[in-house]
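For clarity, chains are labelled A, B, C, D and E in written order, and residue numbers in each chain start from 1.
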């Protein structure tokens, strides 16, 4: 019955196999062409006025896009301002951007492409898991490797060993996140807290752990410790327990997964209107249910307010410029981009214009309260992620997030 | 053994048909030889497909199994080969109780079968199909190869050995199906409608192939086909099933003349005139 | 008393997956093919709820239904018509591919952040407080699914089209011989599949308002696991299987100690494997009902 | 002589594709070389999938579990012990201190993959059809969950970094070649021939005395071993691994490759793996902008996955057996022409002459099982 | 005037198996015609080809119009009903549901020859077992329901495939009585039987089919050369 059909299929198949082979050869050729023609020319290291190339291997497609892209956009604005005012000792800063789409092999080959296109500094995605294939390429080539907003202290020797000395993140360490949340609760007189940890990422666990330690040290009391894992369908049960724990505030360490609004919705509708407090990862407000009774009394820490009311005129100006370009940032993390550029420039200047990664890294490691748009930045041999930088505290009232205050986490280990 | 075939209510016109069958039967040690099923009943969803049917076949003997559509022929073959699950009664192979053995296990004990519509491995060549018959029961690749080559030569199939079976005519496929089963050097061979869908010419060819294959293997054979003539010609002894019961049993020419058999096929009432004219 | 709320929660998650299973089971019933892309129908339905967030709730839900049915039918025409007669596994793989492509489309169209649907969020408020925390949405889930199942059963057993669907599911060929217009039956199966997808979209977004690109895929994968677990051959068994997976997952979540909760997926899927090994044809398929085809 | 020629072609076809990719890849820029290595490694995974799926006809969604186990084992034990102890303080002692060479890690990964798949297979290989698909998917979920959250056996939810990058173009090509040779050699064993027979017709296979379970288990184990091996190549290609990288996305991508190439033949697996791998790399580049001569083509971000998915759907609808028709390399040309085909009954013109009455043939014959209740 | 049904050199092949080599026959309005022959002769395939349920070559003309390309459901709506071999009731559905499905193909605006009352009268068991699951009925009862289901479409032609298969002699008698009644209201019958004798006597015209070809045509229910019939079945 299907003879004529199968005959048809066969001829299609024959053609299909041929086509595939032809396509492969065409694409191989095209890729050859691409590799020679795309990142223009070989870098000249001789000319004093040659640009400083920052190779950015980031995600412009997938789940890291909301973090990576605004940070890069802001960084490019910062770079163009620096370039406009004469550059770094007359050299311009140029970004070469590669979209890794969070595909591991692509992340690695993009980084290699960036290096071979003459990048002296590697700029990577804001998630250390996704960025590692690129980071390791940077470290292997002894390049200064910068992530604008990785929020764990893994960006550095702790994960990458001695080679990791060249890796820095301009995000805040989770220790800081935890500490500032503890301070927020104490400052507002919320002496008891329920701590809810999403076990999905180590970052969340770290924030909540540091919060609990610091909170106890400051005289607070953790009433109960709860946890779930994003996607395991237990979030509403956990929310019920949290809502009924009787604590003055709920601290939730997670990110903007579907389980976050589910949690908030469940807690609020169970009649618990007490503050819900979270780290920078929940910044943005886009995830909030538009019901004002639910999206209220929610607090979080961040780098900058994206709600138009940041106290820093510099940040407001930068935001305005981004909005004008149609690149309005979603979270305050975008300021880490220009901050990183400023840090890089400072290091290069201190190194007398050298782009040697080891040298730049040695300088950057000694940063102590280096002024950036995001506030003072400090690193140390233990922390290649920013600690002690002041946070913006945002409160969401009836669906309207707004800036409340600036809080500085105490020195770590206090 | 002799008492196995003469079951109670079956009309045994042959009288002596239950005596030890084919001339080629090997001498049996004791009474436990042969492939024997006794008092087998099978029911599907309340409908009785087989009702206390007993059947035996010895090495070297060809037992034909005929009966109208729905008489229970294939069900009986499934019982023997282990493909039918709801069974009362028992199946013995050379004295061993195999009633609860899986088809694979039975095959490895030397009980092979073919299937309606061949069920060849259609993507493979003729030789590969035949080799698989041998390979499936412990032969090494090399010996399977030589078994297959010898069989294909003996059965006159060598010229198509390297063709994919899907390209063969239906008749040739049936030949291969028989060859594949014989390649396992079975002790007993169950042939399920090998002539289905064949023209008369191809049927004659198939008959030749089957006869050669039987001689080749020395196996005891149970042959089902709805072409009565085909079965009668090839069988030493014929069992007639109708409504899940044994209706008659005996040598081919007796069965051909049996009035009950004719009426089973042509209809109960008013058959007398036909039968009468046949008897003349 | 917390076991009461655990039980009720488990039932409500169970019925959601039961609904997901219905949309897979209906199509499988008439075509013997698996439609994994039904998850993307749910996702689009959920996105449509977000896109119509300015409209009255009833209008929003109505549009969601229309969108889901339309998309379900589009999949029918584009994928299942050319694949008529292909095996269940072939269609599973094809719709798997389609799902992935569509998920990438949602990513492009709606972005990775997800969009919040706030419709009916008041349903999350409690009916009973105290140790038995029972929320309206739980009741609504059970009630709405109950109504849907009842409606479906009524349609299947009381209407002409339902009768035709049952006949087709039981014996495709004979159904044609008595004059059942198969194309119409298939169309209706996809329509009901679309409607159940819409219902899932509405119910799930009430509790978990953020619609992300993988919204539907996550649901359908577990739904399909349930369908196969229950016995894909029969709509009732498939639905019950979906229910069981949701129910067991939720109940395990309540029972497993806090520290071990990260291993909940492992436990749930171990349960799935055990059931499949013991009852390969499905948990609710009577033993010995598979007759070897010879 | 034909059969021997066919045998040579069956092995030479896939191997020459490996050589082509490796040589062409080496000629490209250093970044594109990375992509070429990735094509080779991915093709190795596809070959591993093929060994089970292709030969048994049972769809497994769980083979990436074995890739994951191989990748983590090989990665963990080759990463520097010093950082292991600081970044993964919870590891079992022997995991924290044992150090093996990269070559050893490849062997170990293959062994672990084989052991793990053997154990899983003991439980699962009696299943077939959709049940097998779902059960193997459950294995993937379980493996992912355990690897992500049991931080005594690995990095848990964080990345395993600092794995030596040793999968060069040569290693990738040799590794892929080894997998192909193993798959080829296995394909011609008695066990595999019986398994392939059972794929074509399980009932007839049973009737011939073939133990489908046993031969499936053998295939599953070999496939698991190759998958573990491929996992080790993978981790040594990237230099790092996290659980999300060896989960559903990779499962989808490699299955798509197998299906598009043609699941039933080694040639199909290799062609699909390499072909889609190259297409994938091309699309990735295209999202960054690619020059076609003087024209610069830039795909919208995210289109890569859309195109791959649609490609898979379209290929399966047009050619359900993949672009190779699930035939081995040059099989159509090296097998005998249909000499006696249809000798018994010359149809006298094709069926196209008679208009079809039933629009869907496969449904036209009532299937008995559907009426059983 | 055109015959109700005409098969013109009908041929059916399944892959490489030739089921029907060449069948040419006619069925006139209100006439009973049977196809007899041994198992595997191609009888069932002929009926399925008439319904458009298997691919065929040659032509099938209904009231002089070709039905080429029409699907089974379309044929059903044109007034052809079929009782398939093995009855094929919807086993899990009630008798009433099975019968309701039979009415799907009733044509609008046509003077009804057969309605539910007529059928209930013909098969008293229908009233008795209307709500019972069809699968629970005995073989004979199932056969009655299957015929009733086909009749309820009020067809011009009914195709019956081995209605006596597996039935006791008493039940077979009942089937032929029913067929007599059906013919009585002017419905044409194309009957396939393996057990030939009874069918040949019943029908106005009979064809003995063997090996996919018509070997013998018998008119008027009397067999002039019984030996030929026997040979068709048993060979020489």
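Operating definition for what follows: a contact is a pair of C-beta atoms (placed from the backbone, for glycine too) under 8 Å apart; a residue touches a chain by one contact, two chains touch by 3 or more.
Values in this document were obtained by computation on a predicted structure and should not be read as measured data.
Farthest chain from subunit E, judged by C-alpha centroids: A.
Here A-C and C-E were compared by C-beta pairs in contact; the pair with more is A-C. With chains reduced to the mean position of their C-alpha atoms, the one farthest from subunit C is B. Rounded to a whole number, the gap between the C-alpha centres of subunit B and subunit E is 32 angstrom. Centre-to-centre separation between subunit B and subunit D, using Cα means, comes to 43 Å. Averaging Cα coordinates per chain places subunit C and subunit D 30 Å apart. Separation between the centroids of subunit D and subunit E, computed from CA atoms only, is 52 Å. Touching two or more other chains at once are residues 45, 83, 115, 168-170, 199 of subunit B. The multi-chain contact residues of subunit A, meaning those touching 2 or more other chains, are 1, 3, 61-62, 199, 229.
In subunit D, the residues that touch at least two other chains are 149, 203, 301-302, 304, 320, 342, 344-345, 351, 356, 358-359, 361-362, 364-366, 371-373.
Interface residues of subunit B facing subunit E in the complex, by the touch rule stated above, are 45-47, 68-70, 117, 168-170, 173, 196-197, 199-200, 226-230, 232-233, 243, 256, 262, 264-271, 273-274, 277-278. Every residue of subunit D that touches subunit A in the complex is listed here, in rising order: 24, 27-35, 38, 41-42, 80, 82-83, 86-87, 149, 156-159, 161-162, 165, 237-242, 244-245, 271, 274-275, 278-279, 281-282, 284-285, 287-293, 301-302, 304, 315, 318-325, 332, 350-352, 356, 358, 361-362, 364. Put simply, subunit C touches subunit D in their complex at residues 32, 34, 79, 82-86, 88-90, 92-94, 96-105, 107-108, 170-174, 221, 224-225, 228-229, 232, 262-266, 269-270, 272-273, 276-277, 280-281, 289-294. If you check the complex, the residues on subunit B that touch subunit D are 45, 81, 83, 102-108, 112-115, 119-125, 128, 131-133, 135-137, 140-141, 144, 159-160, 162-164, 167-172, 180-181, 184, 199, 202. Subunit A makes touch with subunit C in their complex at residues 61-66, 199, 225-229, 231-237, 240, 243-244, 256-262, 265-266, 268-271, 284, 286-291, 293-294, 330.
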